[in-house]
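Look at the two complexes coming up: subunit A is in both, with subunit B in one and subunit C in the other.
Presenting the complex of A and B:
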């Protein structure tokens, strides 16, 4: 994260979260045609990338909603979000 | 029954019934959705908003001829604005340089499929009309020049089956296409009227399979087919191999398992009526912008009955019950089955291996 960003990631509105079944989903980039399947926990995280939640906020919600959330959940959530950032599927709102 | 996804991944849409050509085997111009007037652009644009809302990833626009619609760019803009991609199935004759450039710039085109039925004008034009070969090839080359993904579909029939080797050489070597697909004129639409002139007989199908057996060695991986002699060759060879070797089939068989489309995609006729498939245009399930797309997909009884087809054992059909291939057969396309028997829940006589052999058909030697 750079200094001109806040710490509340946002999903890229051009990417489609396509819910399939059993709470799994596909993230679809219509510009490239790339589609990747994500599991229910990742769907939960993705839905909270709304520019209002920090990673600790998301992890706290996850612990509340799901059972057996591992100790290192924050690192894993951060890693998933980093992957999204790298692919351009999420970003941070610039602070003006 | 396998899990059903919440909404279809893609839709096959007849965006118009109108066309600049009247090809002899077109599956249109005699069906329930074949109307003279197009649905207004506003209706489609409204529907595309719903498609985007439900996360549909791709729309395949066919017709009729999609490029016949003057408002096609606005329709494509509607698809793009709703975060989808598109493909277009075309006769190629109306595609000029400006179209190809525009399509490329959208960045959302999966592919354009151009129909080409011969290696030269004499063959192609007897099916599609004088001068159409040159126009279709020109259209295809405009697309190639602009780097638009382009595929070619060759519909094999009595008037062009002798040209298959030349077609392969023309498309793969002269035009430099990576691959092309084939099917055969099916007993639908205008082909029903022209069946005597167009439909392949058993000897012609056998001859085509022998040519394919050779071509796939010469151009490995450069052909595909979901129907027609090439698909028959693949499927029947698998069935014969499985029977001779007592092997378990690679996919579910012994029942009407052929059609997987209804677990993945759905269709919309040119008049806005939703159907399970373009080949089953009589199965009306509601109208766009009146009936909820996701509700139709998930719960319409016709959609459910199509998905339950794969539980119908082939043993229930007298003709199949004594067949040596029954444990390896999928019953094939329900659309063709309906056209030939009047029943959707029936094996397709057209792709029946037992019937083919009984009529003197010959499968090329298999490994």
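Presenting the complex of A and C:
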């Protein structure tokens, strides 16, 4: 599956996001224990994977909430979401 | 950087022998109270064994086809070896990465330059206090503090950025920050703070109440990782298990990276030519796997039962608190030698994590099974359900 600017990705509800004291977080599959670490900006993005926001929506929110968001933020967010898709941490709602 | 930092790196199946740890000498010129190998004290009147130089060359020759890329020289005290110059030269000629763990006392300018000429040379010097009184209480030999400082200066003058290793115990716990300042002053590249492992003499440290409690070690770790590291330009490493390390320190821009523990690519060689898991072979005979010159290294590396048990069992068969830890795929039980020493089970949980767990001090967010409780009480633990 690939990400697309018009799609609205969703976090996999079976995956646990566990935030830590330094605002980093662990994402893990409670069944397998497969785990990954993500930084605070990634946590912000992950929390907006609710099936209601496109990548441009998320980037707009990021620009509103965070300072010094780089010019190429959309490409970076797209790439990050692709990594989440590849790992099964996120997906798209099936349209019937 | 936006990135999914995977904590489940794929397990290699070919198991190259990346690094040999050479415990070059039976004796040591210091008598450290906490040493986990406990070598004999060597002085003019008492001389002990050391690794035969020809055997050293033969082992390197046999190890290179197995994937050898680096060598660690440790002890005893590696710089006491009568042919240490030739050993270092050979490592350079073979283009192997060099790591040295020394007490620094015998580090001459010439030897420092030889070490600096090796590929990726990394030298750590043990310093357990910022004054002679503290350091020598730990190290047992008068004059060893000034000699260690001189050794460090020689390393710096040779162009190296040595690492200071400080083993934290009751007597020096107040010298953590002063040690960082001393390291800066000397021109060191980093300071590593070791916890006392309850192995050999380290056990006696705890019996004598000279070690720290688990809670004290955890608090000190937070101070070093979250505060002190921000107040210095040099790198600080606090050697507590991965489960206690902040993710930002592992993966952040100023982090030190995070890679899988190298135990599956390491083999120890003791002063008498024995192949062993590591220095633990000096006190646990069943951790000796063969003898150089008699047993082909290739056979030892590929067929030894303990090594294969580790390959098959790490990390999925780790026991105790390690079995439930989200960091186990990169931590691999922290120190399997210590785990075996303590329990006679090579896949046992790590003592520090086990004790922290019993005291309810284990890093809650790194435990897989805490999911259920977290969901019931998600506000307290910062767990988020995305829906």
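For this structure, a couple of remarks:
The rule is simple: the second predicted complex is superposed on the first by the 90 of 96 C-alpha atoms of A that agree within 3 Å, B and C clash if a C-alpha of one lies under 4 Å from a C-alpha of the other, contacts with A are read in each partner's own complex, and residues count from 1 in each chain.
In this text, contacts are C-beta pairs under 8 Å (C-beta built on N, C-alpha and C of every residue); 3 or more make two chains touch, one makes a residue touch a chain.
Here the structure is a predicted model, which means the values were calculated and not measured.
Superimposing the complexes on subunit A yields a three-chain arrangement in which subunit B and subunit C clash. Of the two partner chains placed by superposition, only subunit B is touched by A:14; subunit C is not. Once chain A of one complex is fitted onto chain A of the other, the partner contacts of A:50 are limited to subunit C, with no touch recorded for subunit B. Within the superposed three-chain model, A:42 lies in touch with subunit C and out of touch with subunit B [touch as defined at top].
In the superposition on chain A, A:70 contacts neither subunit B nor subunit C.
After overlaying the two complexes on the shared chain, residue contacts for A:22 are found with subunit B and with subunit C alike. The partner of subunit A that touches more of its residues, comparing subunit B with subunit C, is C.
When both complexes are overlaid on chain A, the residue A:84 reaches subunit C alone and has no touch with subunit B.
Of the two partner chains placed by the overlay, subunit B and subunit C both lie in contact with A:30. When the two complexes are superposed via chain A, 348-356 is the only one of 60-68, 114-122, 132-140 or 348-356 in subunit B with C-alpha atoms clashing against subunit C.
Of the residues of subunit A, those at positions 16-22, 26, 28, 30, 33, 35 touch subunit B in one of the two structures and subunit C in the other. Of all the residues in subunit A, the ones that touch subunit B in their complex are 14, 16-22, 26, 28, 30-31, 33, 35.
Considering their complex, residues 10-11, 13, 15-22, 24-28, 30, 33-39, 41-42, 45-47, 49-50, 76-77, 79-80, 83-84, 87, 89 of subunit A touch subunit C.
Across the complex, subunit A is touched by residues 3-7, 9, 52, 55, 57, 80, 83-85, 107-108, 110 of subunit B. Contacts from subunit C toward subunit A in the complex involve residues 1-8, 226, 246-248, 250-252, 258, 326-329, 365-366, 368, 371, 374, 381-387.
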